[in-house]
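For reference, the structures are reproduced in the following blocks.
In the two complexes below, chain A is the common chain; its partner is chain B in one and chain C in the other.
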Partner chain A sequence: MMYLLKENFDKAREALAGAYAVVVPDEVLPPKDALFPRSETLYETDRRTGEARAAGAGGKTLLFGVRPCDARAIGNLDAAFLESGYVDANYAQRRENATIVALACAQIPSPACFCDSMGGSPHEAPEADVVLTEAADGSGYALDFQSEKGSAVAEIWKAADLIGPMPAHLEKAPAPTCTLKVNKVPDLAQKLTAAFEDGLWERLAEACLGCGCCTYVCPTCYCFDIGLENRGGTADTFRCWDSCMFPGYTQMAGGHNPRWSKTQRLRNRYLHKLAYFDERYGRTLCVGCGRCICRCPQGLDITRAVEWGERL
Partner chain B sequence: MNNFSQQQQKIRSAASRLLADGTVRFVIGWAPTRFAERTTVLFAHTEAEAQALVWNAHCTAALGKYLLDHRLADYAVGIVARGCESRMINRLLTDHQIWRERVYILGAPCPGMDAERCAGCRERAPVVWDELLWDADGMPETGGRQDAAPTNLDEATIADVGAGLALPAVGAACSRPLDTDTSLRSRFFRAEAVEGLSAAEKFSYWDEVYAKCIRCYACRQACPVCSCRACYVDMDRQGFQGKQHSAADNRVFGVTRAFHVADRCVECGECERVCPMGLPILGQTQKLIKEIEALTGEAYVQGMDAEEENFLGAFDLDDKDDFL
Partner chain C sequence: MNAANPLLPAACRIIGITDETPDVKTFRLQTQGGAKPFAPMPGQLAMISVPGAGEAMFSITAQGEDWIESSIKRVGALTEALHELSEGDAVGVRGPYGNHFPVDALKGKDLLFVGGGIGLAPIRSLIRYALEHREDYGKLDVLYGSRTTADLVFKEDLFGNWPQRMGTHITIDVPEDGWDGHVGFVPAYIEEKGFSPKGRACILCGPPIMIRLSLASLYKMGFEKENIITTLEMRMKCGIGKCGRCNIGSKYVCLDGPVFSMAELDELPPEH
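Entry: the complex of A and B
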């Protein structure tokens, strides 16, 4: 096991800046932005010749300090963008170019964290290339290099003389546990889908404002829209985040909207997080990061839908 | 010193009575969440649910906008209304969005809540009500927003009466940290913070702000003035504005939003409170009101009654139009 002293933490990040564009995740937004940007140009079309040119998806990036829940969320995005039968070219290129350095949670970052109720752990990030776990005495980090991309990071740190073998008397600190405990029943997906017509959905949605905040701060929301922008010489085809919480999301060309009410939209979002994805990919989409709970201006809480499963 | 617990009891009793005698279908108020320093909005449909309503410094969300969800209702809706909610209601009435007889207003004079939006508030007592739950007398004339008083966590276990779920409380808040200054600020405090900047500085200030905007439209959704059934930003194929995110596009949205609400803004500050990115957008609407006051030389305070005319919306044949 290799070891990084705490005092070398910043240097370790800086040492990677030569080989990668280093992205340190924002405290509000999840790191999905680096793989699935808020807005990206897919291709540019010359308005005179009609010739189209793919815009490309950038070079090597490194996400530094990703939380384990967010690393797990990236695994879920992989399922949707890479493993569903269609490979999304831009996501695939960004994902291939991205190295994920996860930082295991030494303390639980937020009272709304509930990753360990959703099958995750504040200390485990199998999707990451490198995991930094604080040592029990707080002097530094135990390093797990979990992939070839991770080994490349190890080489850079070794070359810069920043890491060494972990002293024998040290061990990883025990994983903290989330304060928010949510009882997720094993057959939650089936139970919630069976309750599709239940009146409780309407009660859950009453306080919803109908903004898209929860979907945009969610590390696993991956819906997008595609549009065109006239840039004078070129017409740019862009892709941008979209939100199932907006009525326009399901608006049909003829005017019909199958999810015309706030309740229908909230139910769809919760069921996607807790049931539909599970049915399709065999894992729950919601990773329990708690961002939607913290950021919802009206205090809505997805764990209410999770715990509802106990009563169904 | 506040009287939250006595006043909370008044809210609960009044809501229970209205539900029991069938005056309203439900009463909109606040309920605790799992988090000690946060509340959520509760639509109390039964007398039992009315007992879950709370009144404390964490009742930061304004409730007026929910009336729009029920604008076509053939039933009456009860609502707890402070100064801000009452002005929102007047706004919706002026804009012919709701029927006065279908809203039963429980007036709740407010000491100022634990939200930055309350920092410059001058209208803490409701300006319209059916029943005033307690006297506004004796309330602090000034004092800014309330400092956070802890919620009684025992109450949080009954937070979800509405959904039939009991939630254990988990403790501290997960909200964005607020400005530590809780004193009463100037009415236009956000605008004044930017006014002193040079044009170039202002440009880069707003550029920085709008680079962070994620276009979740929480500001629009929370705003009582945004009552259009179809918002121009949702017509992304009609050429007003696309859905792409960039500082420039986000700024177009931000500026358009501010100008659309310019002369009708009731200064509730919800647009800023709900912003997940913490953007100081209240300064824009404050500045517009300030400009109106500078231009007319008169006080311009919206939402004080349901009959008022809007500065930009009013039409007069004698209008000099000398700016054209």
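Entry: the complex of A and C
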């Protein structure tokens, strides 16, 4: 096991800046922006001939300090964009070019974290290429290099003399447990789907403003809109994040809207997170990062839908 | 479909426009190189874009050696822009998307095609297929209605090609000078014709109210849900099951649809 002293943490990040565009996720927004940007050009069209030319999707990036829940969320995005059905070209290119360095949670960052109730762990990030886990004495980080991309990072750090073998007397600190405990029953997906007509959905959605904040901060929300910007003789077709919490999301040109009410929209969001994605991809979309709970101006809380499973 | 990037359209041009009704036009499209953009199965969809205006999903109503055809009703900004195009103008086309009518499972059956308004467009792809593979299917009937004679689409088929090759039953909602055909709504006309459900499947497509009442008629006549097939319309952006908006429960209409039997729809949440 390799080891990085805490005092070398910043240097370790800086040492990577030569080989990669290093992105350090902030606290509020998830790192998905680096792989699935909030807005990106898909192709450029010659307006006269209709000829479309695909736009490039960036060079080598490295996400530094990704939370385990967010790394897991990237695994879910991979499932949606790459693994089942069509391959999304832009996502594939960015993902291929991205290295993920995860930072295991030494403390639970937010009272709304519940990743360990959703099958994750504050210390495990199998989707990451490198995982930094604090040593029990707080002096530094144990390093797990989990892929070829991870080995490339190890080489850079070794060359800069920033890492060495972990001293024998040290061990990883034990994983902390999330403060928010939610009992997710094994058959939650089936139970919630079966309760589609239940009146509780309406009560859950009652205070929702339809602001879409929950979807914007969610590491696993991947809905998008496709739009167009004219530039004289050419036009750029772009895609940007969209939100299933907006009525316009499903509004059809003729006027009909299959999800016209906010109850239908919230129910669809919760069921996508807790049931529909499971059915299609065999994994639960919500990773329990807690962001939507913290950021909802109306205090809506997806764990109420998770816990409801116990009573169904 | 562009294998490397399924969201990338192929450069195409309009090689023919038919005015079907005051607000429906049929566009015949081929690639700038003079080829068919792709070979769709009946019921599949194409994303058609107007350079500089945007794109939308349409059913493919017909195909030939080197073209595909979509019939498009003017309902919003994009379809408005399409309607303003002329022969020779450039468009983008990507697809084909979605499942298709179960042409194999329908083999050996009598087929009853029931359409209302522009709803005949997706059905027409299957009618053409069945006529091309005539020996695979039993008796064929089409029952089609619209508000007035001016609103009837595919008049050349309705009054020229089809009556010689299959039962063709046309109705308009209200009497009209010079019309000596049937007058009345589609659901009542289905019952009046008394089609037997035995060995017969019904392919039904049209405005929601017509669908609802026609279903009631078909059920009354003894048609099973497995044998009634329809196509759904949803807002679509990607066509490849990613952008999220066309879902009904865990199904995406752009991937798992647009063709569903009533039995399959019964399994899904009522959100369409």
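The working rule: the second predicted complex is superposed on the first by the 305 of 312 C-alpha atoms of A that agree within 3 Å, B and C clash if a C-alpha of one lies under 4 Å from a C-alpha of the other, contacts with A are read in each partner's own complex, and residues count from 1 in each chain.
Going forward, a contact is a pair of C-beta atoms (placed from the backbone, for glycine too) under 8 Å apart; a residue touches a chain by one contact, two chains touch by 3 or more.
Remember, it's a predicted structure, so these values are computed and weren't measured experimentally.
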Check your understanding: Is the arrangement of chain B and chain C around the shared chain A a clash or a fit after superposition?
Key -> fit
Exercise for review: Figure out whether A:Ala17 sits in contact with chain B (first) or chain C (second), or with both, or with neither.
Suggested key: neither
Exercise for review: Could you read off the angle at the CA centre of chain A, spanning the centres of chain B and chain C, to the nearest 10°?
Suggested key: 90
Practice item. Look at A:Glu206 in the shared chain and tell me whether it touches chain B only, chain C only, both, or neither; answer first, second, both or neither. Key: first
Exercise for review: Could you look at A:Ala80 and tell me whether it touches chain B, chain C, both or neither (first, second, both, neither)?
Suggested key: second
Review point. Between chain B (first) and chain C (second), which, if any, makes contact with A:Ala194: first, second, both or neither?
Key: neither
Practice item. Based on the superposed arrangement, let me know which partner A:Arg280 touches: chain B (first), chain C (second), both, or neither? Key: second
Practice item. Name the contact category of A:Arg295: first (chain B only), second (chain C only), both, or neither. Key: first
Practice item. For A:Asp242, select first, second, both or neither according to whether it touches chain B, chain C, the two together, or no partner. Key: both
Check your understanding: Regarding the shared-chain residue A:Asp225, is it in contact with chain B (first), chain C (second), both, or neither?
Key -> both
**Study point:** Contacts of A:Pro258 with chain B and chain C, given as first, second, both or neither
**Key:** second
Exercise for review: Quote the smallest CA-to-CA distance from chain B to chain C in the superposed model, rounded to whole Å.
Suggested key: 7
Check your understanding: Do any residues of chain A touch both chain B and chain C, and if so, which are they?
Key -> 225, 227-228, 242
Study note, to complete from the structure: As the complex stands, chain A meets chain B at residues 28-29, 38-39, 110-112, 179-181, 200, 203-204, 206-207, 209-213, 215-217, 225, 227-229, 238, 240-243, 246-248, 262, 290, 293-295, 297-301, 303-304, 307-308, 311
Check your understanding: Which chain C residues qualify as touching chain A in the complex?
Key -> 4-13, 32, 49, 51-56, 75-76, 78-79, 90-92, 208, 233-235, 237-238, 240-245, 247-250, 255, 269, 271-272
Check your understanding: Inside the complex, what are the residues of chain B that reach chain A?
Key -> 33-35, 38-43, 61, 65-66, 69, 160, 162-165, 167-168, 170-175, 214-218, 220-222, 234, 236-237, 242-246, 273-278
Exercise for review: Could you please specify the touching residues of chain A with respect to chain C in the complex?
Suggested key: 42-43, 45-52, 54, 80-81, 85-90, 193, 196, 222-228, 230, 235, 237, 239, 242, 244, 249-254, 256, 258-259, 264, 268, 271-272, 275-277, 279-280
